[in-house]
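The following pair of complexes shares a single chain, subunit A, combined with subunit B in the former and subunit C in the latter.
Presenting the complex of A and B:
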């Protein structure tokens, strides 16, 4: 079976599962409320120049939530639901199936960008225009790729960790601050900058805001950084997933929930 | 009174036993609590970025108080969990009746909510450079307790929705908390919203309690603060009445058609 066909079947499986899970729509519920909160605060302070931050941030949060809350739980839920033995018995690499399913969830998360744009336009009369649409499209594509890579890593970490719920509940807001998704990294304390640059969100947020304002200086460096961080996370995620599959086979725990 | 206190005690024991399956005190402190502190800081940093120190303090105070509401409304998940594992009928046949037992199912979140909010109240303002006027700021503690109590009633009432529809508990929780966070005067004053919305938010928990907290910090007259506290208590009592009615109907319908034990 070709790689693309494996991924396509994984996408179809995830669509079928998500249709029966209303909570997978949570991202779409959160984004309009967050946009309203952030825009109201921004406009109440008469800061029209920060409107782009307030509209883009819920989209980035949507991607992170999709990655952390849903994509990250994929392998763990396969175990609970008893799908895991059948999936690893199939003659395809299990990691690829995870990637296809993670990509489906992340794709739904991107709708948060459209939602927050709509809330700004309809609710606040602020139509965000993009000065550099080409760069913006590249930034969104690179960000989605990085989210898929991160989610693949998270799904592997969550399934091997005993503290899955703790990690899942804790990795949101600290990363929103570190990622500079609302308040740019430059406005954070200096000592945080090196840590921020290890989080793909910080590059994505700067790149997206720059594309909106038409400031595309250093866009290639940012895209390369996002892709590199994505590749590292994806490789680590696939390696850890394979290691986990091998361990369950070796220890005879494949069928454990 | 004694049976009720016993139910409270047993509910807390059960709730914390459940929590200990997920958290140790270390992972709660350095995972969950730090996450909540980061949440309040995230919005406070935005306040500082778009405004000044006064904006930052306004946003920070709102986001610290609302942490109590966030945790109290997690009762939605605890109650929906009883539906999922099919134990609602067992709780309903207790000699004390179903209501105190159902209402007690998320009491552990009120303890953690109070702790989180008070820790944030003491730690975040000096850490972010917007200190509060102590010792006056200490009077906010009982108000946060009241906000917590009214938010818990709100959570119990909305749990009625999660107990009736399958798999929607996380949506209900996030919607419940998100509405308060967005429109309840947490980040911007209620007065910025259109008139119908300004009226509607009066039925939400936190709204009046938070205004009372801001009043205390600004040295408002005691009568004004007490009126706001009365409004918050009234709103909370209203939500408890909705919760009681909703659970009564759920149990009586469930007894009639045998659906109370259906796992969802």
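Presenting the complex of A and C:
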């Protein structure tokens, strides 16, 4: 219970920090623009059948960008600001603080779904209706959970690798493709499918599109896959974060010299 | 009674480049009793912060053992973390865009305080460190002294039995530094133990029951501040002005003169070993028509530098 309290306070910390840091919301500017571009292309090509893809993709991209953009910053910023020693001197796992803070950013990122829907409705007169709203809600929740887990892992990978900027810039487009965000996984070459299925976004994208169209076959399998990938990423992220903390304690690099 | 802190053969090295090893702590053995205020004195790079970080589990030792209230800092990390408070000096280490109160509540959660307890303690500590009126202000608007007090409040939030303070009054004005010291004495009266890392000799003399002098990671001595003063050697000096440097050669040869330093504008400072030597110097100067001279005591800082050697800005 006290562990959840730590996560909850990290969430509140991030809410308070983001309220005073408007730049954290810049990611929300991306979704409307992407929706506009994708819908314009879709409608110009008279492809009403893939309007749902054009509306859902910016939402998923928004989530991914939010986690990718912010996840890499948390530990580095704490080190630069001289907070890291006091954070790791506390009797709780530092990774839990990262989880709470990342979760807040991911929740903010979910606003991208609403933005896309609004742009489609107001800007293009296309009101996307969801045929299976229950499945859709479960899919969004599972996707958020998986994004938190993945962002926790990415946060650790970024600081351990010391190549945050390079990784941040390289992990966008490949995951949009592997994740079936821009085009469904089924449309990708067969040899890519196994890799694609290791990316939670591929399950999420299919599930969300299916929920919109009312095709909920295999929804439970997809949800379980998303949750399992989330759990693996979260566990790996917490483990790697702790390894990083231990390494800084061993090497004496808790603070930047 | 279990000592508050006990280290044995504690060693910490850093590898800067391949095969370039720096020894930050070298075979340090130290015992600090409960409810003691212990000063850790030394110049920059002496190893003070390294010891504080090891004792607060932020850093792992390379060899030797360190225990806090009987708990090993390497194998019983969690227990140690609940028992100690770490107060690092300086402007950094806080969430600047958040209020003082919000900062404390977050750290309260990290020490597993429930919401009600965290709020009550945060408010009480803000009152105690004189920040109650600024509790709702973002920390970025705080002066260095206010941040320092907030650091102390953060370190006290979980009511630790042992507090490690690293240069806590560095950069504070004299009034704020005096208030800070009063607070430390009050907290000691509540039964807490302090390890105070500082290079302010006077602060250590004013606050500490015992002090340890370290230099380049090695302990020079542990004892009461008076013993440290004796170790640091002569505490007498004579200041005078004279335009002719030729006067200084014979002066240095007088019995009991331990050194002569040149100051600005033809001023000189003669260090003497004892009161008799001081009388001898004053008489010698009088015989040479130097009628204006001042007898005094060098600061502890100066005495320290003379004892361990001035290495300039090298660390």
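Quick notes
Here is the rule we use: the second predicted complex is superposed on the first by the 254 of 257 C-alpha atoms of A that agree within 3 Å, B and C clash if a C-alpha of one lies under 4 Å from a C-alpha of the other, contacts with A are read in each partner's own complex, and residues count from 1 in each chain.
The working rule: a residue touches a chain if its C-beta (ideal position, glycine included) is under 8 Å from a C-beta of that chain, and two chains touch if they have at least 3 such contacts.
Note that this is a predicted model, so its numbers are computed, not measured.
In the superposition on chain A, no contact is made by A:129 with either subunit B or subunit C. Of the two partner chains placed around the shared chain by superposition, subunit C is the only one that A:9 touches, whereas subunit B remains out of contact.
By the document's definition of touching, of the two partners only subunit B reaches A:30; subunit C does not.
Contacts of A:21 after superposition on the shared chain: both subunit B and subunit C are touched.
In the superposition on chain A, contact is made by A:174 with subunit B only, not with subunit C. By the touch criterion defined above, A:85 lies against subunit C but remains apart from subunit B after alignment on the C-alpha atoms of chain A. In the overlay built on the shared chain, the residue A:97 is in contact with subunit C alone; subunit B does not reach it. Common to the subunit B and subunit C interfaces on subunit A are residues 20-21.
On the side of subunit A, the complex with subunit B involves touching residues 20-23, 25-26, 29-30, 33-34, 36-38, 40-42, 44-45, 47, 50, 163, 165-167, 169-174, 176-177, 182-183, 187-188.
Residues 22-23, 27, 31-32, 34-36, 38-39, 41-43, 45-51, 55, 59, 166-171, 174-175, 178-179, 181-183, 186-189, 192 of subunit B are the ones touching subunit A in the complex. Residues 2, 5-6, 8-10, 12-13, 16-17, 20-21, 81-83, 85-92, 97, 249-252, 254 of subunit A touch subunit C in their complex. Interface of subunit C with subunit A (complex): residues 12, 14-15, 24, 50, 53, 56-60, 78, 81-82, 84, 86, 88, 90, 92-98, 102, 105-107, 109-112, 114, 138, 154.
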